[in-house]
Each structure stands twice: as structure tokens, then as C-alpha cells.
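Both complexes below contain subunit A, partnered by subunit B and then by subunit C.
Up next, the complex of A and B:
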């Protein structure tokens, strides 16, 4: 059931009524039933697999010893690998259960936290099931932690009109990002990337920049919708994006993009790897080769490689995803290794990091590095990737005909470009409101209705009908 | 809550007004150099082309203009849909009392295999509400409609054009002349045309498109309208494709059965193997357009 569909709208109306009428004792039970209904809607059989994951993890982690922890990892990762990568082993008819990547991460995170004694194991199976299967975050995250979610999920929430209004507004923003922005630029990107050899460098650059826009609008739009839905239920979800494209470096970008996933990797894979015995041994070996390198830097090399390779493969068993992971591992390592030299150099040339022009330069530099990564990620095949890079670097003519050719994938030419400009005004207005509200909660309270009116009108008139599938759903 | 309801009502009213305006009045917008409205404004015409992008790219209107003292026009937004062409014919007859000496319809073999759909949203912009309804009904009868399609057809389609009209119209007005392209499109070269991949082997005849041809012939006869079907030359690789040949024969058979006049690509002395004349398989370069139009004028005069 897509979150932007009539069935979901009807489900949500009925569910909200039941949720708030259920009373203090039964509210969480209604939520659990709602989760099951939402999950079963896509395919009732999927309930079996999520149930195996929930029951086994809950049961094993009641006694969080090493053996049980390892068994939990084997069961959950086994299911994930079996479903997600079965195609690579020649099995074609196995369709992965809805949200398996995301609930597996939540399960493993919970198990790890129990094992590390950071949390007390959940005593109630239904409460644990409620945490894993919470429907707004089930299919694409955010990857909530047990500490953040448990109390909120089992606490009684009274009907609060303000929550409904705020949630509704957030949903509106999400739908706008998804149906209007992501949907529109999507046509251009699909046209160009399906035949990259057929387009010049300028078109490929435009398509890649649009891809950055599409990814953000699609994914953060989805997050706005789920956060809005959750807000309506009185439950606050973790924010997954903090204006990532304004980051001044790639490490900063990854702290602001898909925050919950990156925190998960940091807490459950990266940090344990950094402190592990195998990493210490390997970094000692490296120290013998690179005698001048700092010990601290050497200890980051293997965990960084590991995390980014796993992140790449997590997206799917495709060479482009793996290449993307390796590319970012390389970028991160270069960033770590050159950090101290760059600081010294900055001091020497009196480079003031607070200067606005330097900040702008850093943001653009980050976007350029990011764009190369996304070119790898979005390529359909290795030969397409080569064609894209070749086109970008060798076909650099900026002539009238090249600009005209770059507009061709719009189909409707300048009309589409002009409409995107009009939409850009709305997007900038939204950004201004968000920034102002971060500084002062009361800012733009009255303007919110005007903005909601404008978004609603634009969604109805300019949405891409039928484009309700989200990109991250595939993972 | 009062503010929320007011916001919803305001948005609903604005969208309803925009949708209503687009569906009823967009066909009367003062668009220059293309579309049915501009064709009607031109007045009596000696030759009126009604077709798709092939006519838009392959007919040189300044040359035609000279030959017919300005009494020519090219309506080229049918989106390869013979069904749409038939509805455009109705639209012109309904909205104007002008004299149209000769109406030239497109003999595009592959048009017979097109699903009845909205393949060029410009059609929406060109048609009155009655025409839009007629086209929608044709799509519905062909079983090609669903809710997203209906939403696109009646609400979003053409909305870009409407909202950006003041900005884009001056620009577009210079790119066309009487419905045909004016830009100097070059040929991408023989290598590209020889390498261009196309696969039309899975195409099948769509009955509704064939019926539309018969309808056009019938309506022209009932109205006493002189007409003919014109096949534009394609690059030789497409012309030699077995599927293309099959539907070409099918189209010609249909015209013969209904005793309709036509001019085939082979009736005009034009070199379809010259890559310089083509932009892609179907559309001509500026050089090809002028070369072909000069020959076409002769063929039309001598028909």
C-alpha cells in the first residue's frame, strides 16, 4: 500500500479514528493491529518472515549472551541475504518481504544494544513486535532505535488537534516533494540515463544534478510523509535529513543524509570494527609499511572500507552500487588522511573557514564530489558509467545547439523549465520558512496556511499522476 | 480548524478555476504560428496539412507560403494518432466557416499500430472541451484509460503551457511558422543513422486507428471536402523494414478500398538514402525539408 494512494488514505482515516477512540489500555493494541494490517496488505505471506525475525530475536535476546547474539545475526542476515540477493544466485521468483532491509537493521541494532548492555531486553513480545513493525517507518525507515521508540509506542496519546495539523502540513510538504519535484525531474533523468551515449556532456551534467534533486525530493519527501503520519499519532520519529546539500565536506554530508542509517552503521559496524582486535592487528601491519602515518588514521582505514563496501552492497548486488561504496570509502579516507595537512595549509594561506565565499566554495566542492558518486550509482551498467564520465569530461562544448539538445529530454522544452522555475520559488520559500522556524518556533505561523494553500494547488495541478513509488522502497 | 478548512476550500476553488479554464478556453489562447486556433485565424486556405511531428519537420512552410500566397497551414500535433487527426478535422469544421481547398492527411504506416492514447499533450491545448471529450471517449472505447490517465488528461496535461504562457509563448512563436519547424536542424550524419537502433517487429494493427482513416474519408466526402493522404519519405532503413512495409501495404489497401487519393513517398523524386536529408529515421533535417518540399509542391500541383 503506497503512502500516496487512496487505499492508504482510507486506511489512515479509519485507523486514526480507531486509535484515538481505543482508550488508554487498548491504544497500543490498535497500533499493533494496524501495523499487521498495513503489512499484510502488500502480501499476507510476508507476515511469516517478519514474525520469524521478531519472535526469534525477542526470544534469543532475553538472554543476551554471545551465542544468542550470533544466532540472531545469522537468522536475520540469513533471511535478508536469501531474499535480497537470491536473484544473484539464479533464483528469480523470490520477492523480498516489504521493508526487510530496514526491519533487519532495527532488529540487529536492538540485538547489539542488548548484547552491549546499552538497553534492557524487552520483556513483552507484543511490545517488541510493536517496535519492529511500526508501520510508518517499516518500509523505508527512519531506522528507529528501541531507546527512542519503545516508550513513545506504548504510552497513551490523547487526541491533539495541533499534532494532526502539524502532521498534515508535514505530509503535504512530503507529497509536494515527491509528486511535483521528484516526479518531474525523474522524466529527464530516466530519458538521459537510459541512453547516456546519446547525449552530450552538458545534458549528462544537468541530468546528474537533477538526480541529486530527485533523490533528495523523493527520499526526504517520504520521510516528511512518515514523520507527518507519526506526528498525527503523537509519536515523534527521528529526523533523517538536515539540509545535506549544504554540507561543506563529504563526511559532514553523510552526517546529514539518511542520518538514521549512517548512525546505525557508525554504532553497530564502524565503531565495533575500529576497536576490534583484527583491526588493531591489520593497522599495525600497515604501520610497518607507512612508518610516518599516524596510528589513529591507520586504524580508520579498514573499518571505513568495510562500512562503505557493506553500504554499497546493502543497496543491491550490482557493480554500480559496489563501485559507489568503494568510491565513497576512498573519498572518506582521503578526507581523514589529509585532514591535518589541510588544516596546516589553511593556516599558512590564512584561509578563513568562516568566510561566506569559502563556505560556498566548500559546498560546491562537496556537491561535485557527490555528483561523481551518484553518476556511478545511477549507471545501468559499467559501459554506461564509462560513457557518462567520458561524456562529461570530453564533450564539454557549451554552444547554443548543445544547450538546446540538453533541453530535449524535457520533451515540452522551455515550458517544463519555466514551470520548474516557478516551483523553485515554492521550494526556496519552504527552505526560508524551515530555517526561520529553527531559530524561532513562532515564525511564519500565519504564513503556513498561505504556503499550504500554494502547495496544495501546485500538487493538484502539476503532480506527476501515478508516480507514487518511492526510490528507496527498492532497498 | 477553521483556517484549515478555508485553506482547503481556497485551493479547491483555484484548482477548479484553472482546470475549467484549461479545458474550456485553452483552445482560444492567442498562440502564434502553430495550432488549430492560429490556423483558423489565417482564414481561407488552399492547403491544410493535418498530421503529426513528421509533417512538422518535413514540410517547409515558407516555401509553401510562397507557392500558395500564404494560404497554407500545417497542424502537426496529432501525436501519430489517426484518431486525433479525425477529431482535429471535426474541430476545424466545427469552429470555422472558412474554405479549405485541399486537406492533406498523414499516411504514416506505423500510425496504424499506435495505441489510442494521449501521445502529444499539445492536442489537449488545441481542442475545445467537446473535442477533448471526443478524444477521451475514443481512448476509453479502446480500453486505454484509467484514473491516473484521466487525471493527467483533464487536470495536469497542458497546465505547464497555461501557467508559463506569457514567458514561453514569445520564444515558441519564433520556432515555428504556420505549424512547421523553422530551425536549421542538421543531420547527425550517416554513421549515426546507420547505427540507430529501432525494433518495430512487435507492433500490431490497432483497429481504432484504421477506423479513424475510414472516418476521415467518410467525413470529407460528406462535407464535400477535397482531400488526400500523403506519405512522407523516411530514411531508407525504416522504409525497408518488413513490419513497416507490412503496415504500409495495409494502409494503402485501406485507402484503395475506400477509393481515397494518396501520394506515396515513391511518387516524389526524393533520395531516401541520403543521410544529409534526415535528422532521424522519421524526421528530415532542414536540408531534407527544403529538398522534399520543392518536390512535394510539384507533386501536389500535378496530382
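Up next, the complex of A and C:
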């Protein structure tokens, strides 16, 4: 069930009524039934697989010894690999159960924390099931931790108009980002990237920038919708994005983009590999070759390569995803290894890191490095990737009609200029409101109604004017 | 303790570790600082810090880090 669809809207209205009418004792049970209904809507058969994961993990981790932990990993990773990569093993393409990548990560995180004694195993199976199957975060995250979620999910939430208002506002922002912005730039990217050899360098650059916009608007828009739905239930989800495109370095970017996934990798793969015996041995060997290198830095090399390779493959078994992972492993390593030299150099040439122009330079530099990574990620084959890089660096052709084509989704001629202007005003207003609210929660409280009304008008206008763009509702 | 402060300053020279507190809770140390720190402590004191000990309470200030190193036999 898509979150932007009539069936979901009806489901949500009925569910909210049942949730708040259920009373103190039954509210969490209503939530569990709601989760099951939401899940069954996609394909009732798949309830079997999520149930296997829930029951086995809950049962095994009640006694969190090594053998049980290992068995939990085998069962859950086994199911994930079977569904996600079966086509790569020459077996027929199985359709993966809804949200399997996300709930598997939540499950493994829970099991690891139990094994490390960071949390007490959940005593009640229904409560554990509630945590894993919580419907707003089930399909695309954020990857919640048991520590953050359990108490919130089982506590009774009284009906609060403020939560409904704030949640609704957040959903509206998400729908705007996803339908109006991400949906609109999508066509151009698809066209250019499906035949990169046919376009000039500037066109490829515009398409890549559009892709950055699309990824952020689509993914963070989805998160806004999900967090808004959850807010309506009185439950706060973890924020998954913190204005990532304003990061001053790539390591900082990865702390601000898809935060819950990156924290998961940090806690459950990176940290354990940094402290593991195999890494200690390998980095000592490296230390004999690079005698001047800092020991701490050497210990990061293998875990960084491992985590980024896995992150790449997690996105799917495609060479472009693997290439993207290796690219970022390389960028991260360069960043770690040169950190102290750059600091010394900055001090020598009297660069003040707080200077606004230096900050802007760093943000642009980060966006450029990021764009190269996304060019690898988005290309459909190796030869396409080569063509894209070649085009960007060597093809100086500027085609007016190709650039004009980028504007088509926004309307014709003056209409395009007007709609881009309206969108720009809305996006900037949104950023201003967000930043002001971070400093003072009460800022812009009244003005938000005006903003919400403007967004709603634009969503409706764009969807009606877009006509065929409605197909984007089927994402 | 002095030796530890030196190691800490090697990881981040912009923090006064003698007085600084809440290094993790106030997000003064980034996760990568922590990793560098753990690796250096492992080598310098010939200890092995297990992943389960990497919790904020053990890294919030120099005292806590010192206590952790001692606990692990460093």
C-alpha cells in the first residue's frame, strides 16, 4: 500500500480512530493489528517470512549466548540473501517481502545488542513483534533501535491535537518533496542517463545535479511522510536526514544522510571490525610497511573497505553499486589519512575554517565529490559510466535544446520560469522555517499555516497540470 | 594519567582533555575520533577493548577512559 494513495488514506483514518478509541490497555494491541493489516495488504503470504524472523530471533535471543546469536544471523541473513540476490545465483527472481532489508537490519541490531548485553532481551513476543513490524518505518526505515522504540510503542498515547497538526504538516512537506520536486526532475534524469553517449557534457552535469535533487527530495520526502504518520500516533521516529548537502566533508555527509543506516553500520559492523583480532593483526602488518603512519589510522583501513563494500552490495547486486561503495571507501580513507596534514597545512597558510567563503568552498567540494559517486551509482552499465565521465570532462558542446528539455517538466517557456521560481521560493521558505525552528521551537508557528496552504496549492496545481505525472504515484 | 592525556591530545589536539567532560553525550568526539582513540589505546596499552565496552559512559571524559584502560589490564 503506497503511502500516497487513497487506500492508505482510508486505512489511516480508520486506524487513527481505532488507535485513540482503544483505551490504555488495548492501544498497543490495535497498533500490532494495524501493522499486520498493513503488511498483509502488500502480499499476505509474506507475513510468513517476517514471522519466521520475528519468532526465531525473539526465541533465540532470550538466551543471548554466542551459539544463538550466530544462528539468528544465519536465519535472518539467509532469508535476506535468498530474496535479494536469488536472481544473481541463477535462481528465478523472487519478489522480496516488503521491507525485508530494513526489518532484517533492525532484527540483527537487536540481536547484537542483546548479545553484547547493551539491552535486556524483550520478554514478550507480541511486544517484540510490535517493534519489528511498526508500519510507518517498515518499508524504508528509519532503522529504529529497540532502545529508542520499545517504550514509545507500548506506552499509551492520549489523543493530542498538536501531534495531529504537526504530523499532518510534516506529511504535507513530504508529499510536496516527493511528488512535486522528485517527480518532476525524474523524467530528465531517466532520459539522459538511459543514453548518456547521446548528450553533451553540460547536459550530463545538469542531469547529475537533478539526480542529487531527486534523491534528496524523494528519500527525505518519504521520511517526512513516515515521521509525520508516526507523530500522529504520538511516536517520535529517529530523524534520518540533517541537511546533508550542506556538509563540509564526505565523512560529515555520511553522518547527515540516511543517518539510521550509517549508525547501524557503525555500531554493528564498523566498530566490531575495528576492535577485532583479524584487523589488529592486519594493521600491525601494515604498520611494518608504513612506519610513519598513525596507528589509529591504519586500524581504519580494512573496516572502511569492508563496510563500504557491504553498503554497496546492500543497495543491490549490481556492479555499479559495488563501484559506488569502493569509490566512497577510497574517499573516506583519503579523508582520514590526510586529516592531520590538512590541519597543519591550514594552520601554515592561515586558513580560518570559520570563514564563510572557506565553508562555501568546502560545501561545493563535497557536492562535487558526491556527484562523481552518484554518477557511478546511477549509470546503467560500465560503458555508460565511462561515457558519462568522458562526457563531463571532455565534451564541451553546449546544446540549447538539450538544456531547454530539462525545463519541459516544469511547463513551457514562461510557465516553466514561473514554476521554477515558485518552487525555489517554497524550498527557500522551507529551509528558513526549519533553521529558525531549530533555534527557537516557537518561531513561525502561525506562518506555517500559510506555508502549508501554499504547498498544498502547488501540489494540486502541479499534479493537475502534470496530467500523466500521476504515474509517479505508483512508486 | 598524563600519558593517557598525551594519547588523547594526539587524536584531537583542539580539546583540553584535563577538564573536558561529556565528550560523547555533547558530541565533541565524532565516531571516527573514537575509533582512532580505541585503536591507539589498544596498541599503546596492549589491551583489547571489546565492542561491548564502547558505550558513552566509558568515553565521556579522560577519567572514565582511564578507568576503562585499568579495568582491561592496561
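General remarks:
Everything that follows uses one rule, which is that the second predicted complex is superposed on the first by the 439 of 475 C-alpha atoms of A that agree within 3 Å, B and C clash if a C-alpha of one lies under 4 Å from a C-alpha of the other, contacts with A are read in each partner's own complex, and residues count from 1 in each chain.
Operating definition for what follows: a contact is a pair of C-beta atoms (placed from the backbone, for glycine too) under 8 Å apart; a residue touches a chain by one contact, two chains touch by 3 or more.
These numbers were taken from a predicted model, which means no experiment stands behind them.
Look at A:116: by the touch rule set out above, it reaches subunit C but stays clear of subunit B.
When the shared chain is aligned, no partner comes close enough to touch A:433: not subunit B, not subunit C. Look at A:81: by the touch rule set out above, it reaches neither subunit B nor subunit C. When the two complexes are superposed on chain A, none of the residues of subunit A touches both subunit B and subunit C. Note for the complex: subunit A touches subunit C at residues 116-118, 251, 255, 266, 270-272, 274-275, 277, 280, 283, 294-300, 303, 336. In the complex of the two chains, the subunit B residues touching subunit A come out as 1, 3-4, 6-8, 10-11, 14-15, 18-19, 121, 148-149, 151-152, 155-156, 159-161, 163-164, 167-168, 171-172. Taken in their complex, subunit C has these residues touching subunit A: 10-11, 30-32, 35-40, 42-43, 48-52, 54-55.
For subunit A in complex with subunit B, the touching residues are 161, 165, 168, 412-416, 418-419, 422, 449, 452-453, 456-457, 460-466.
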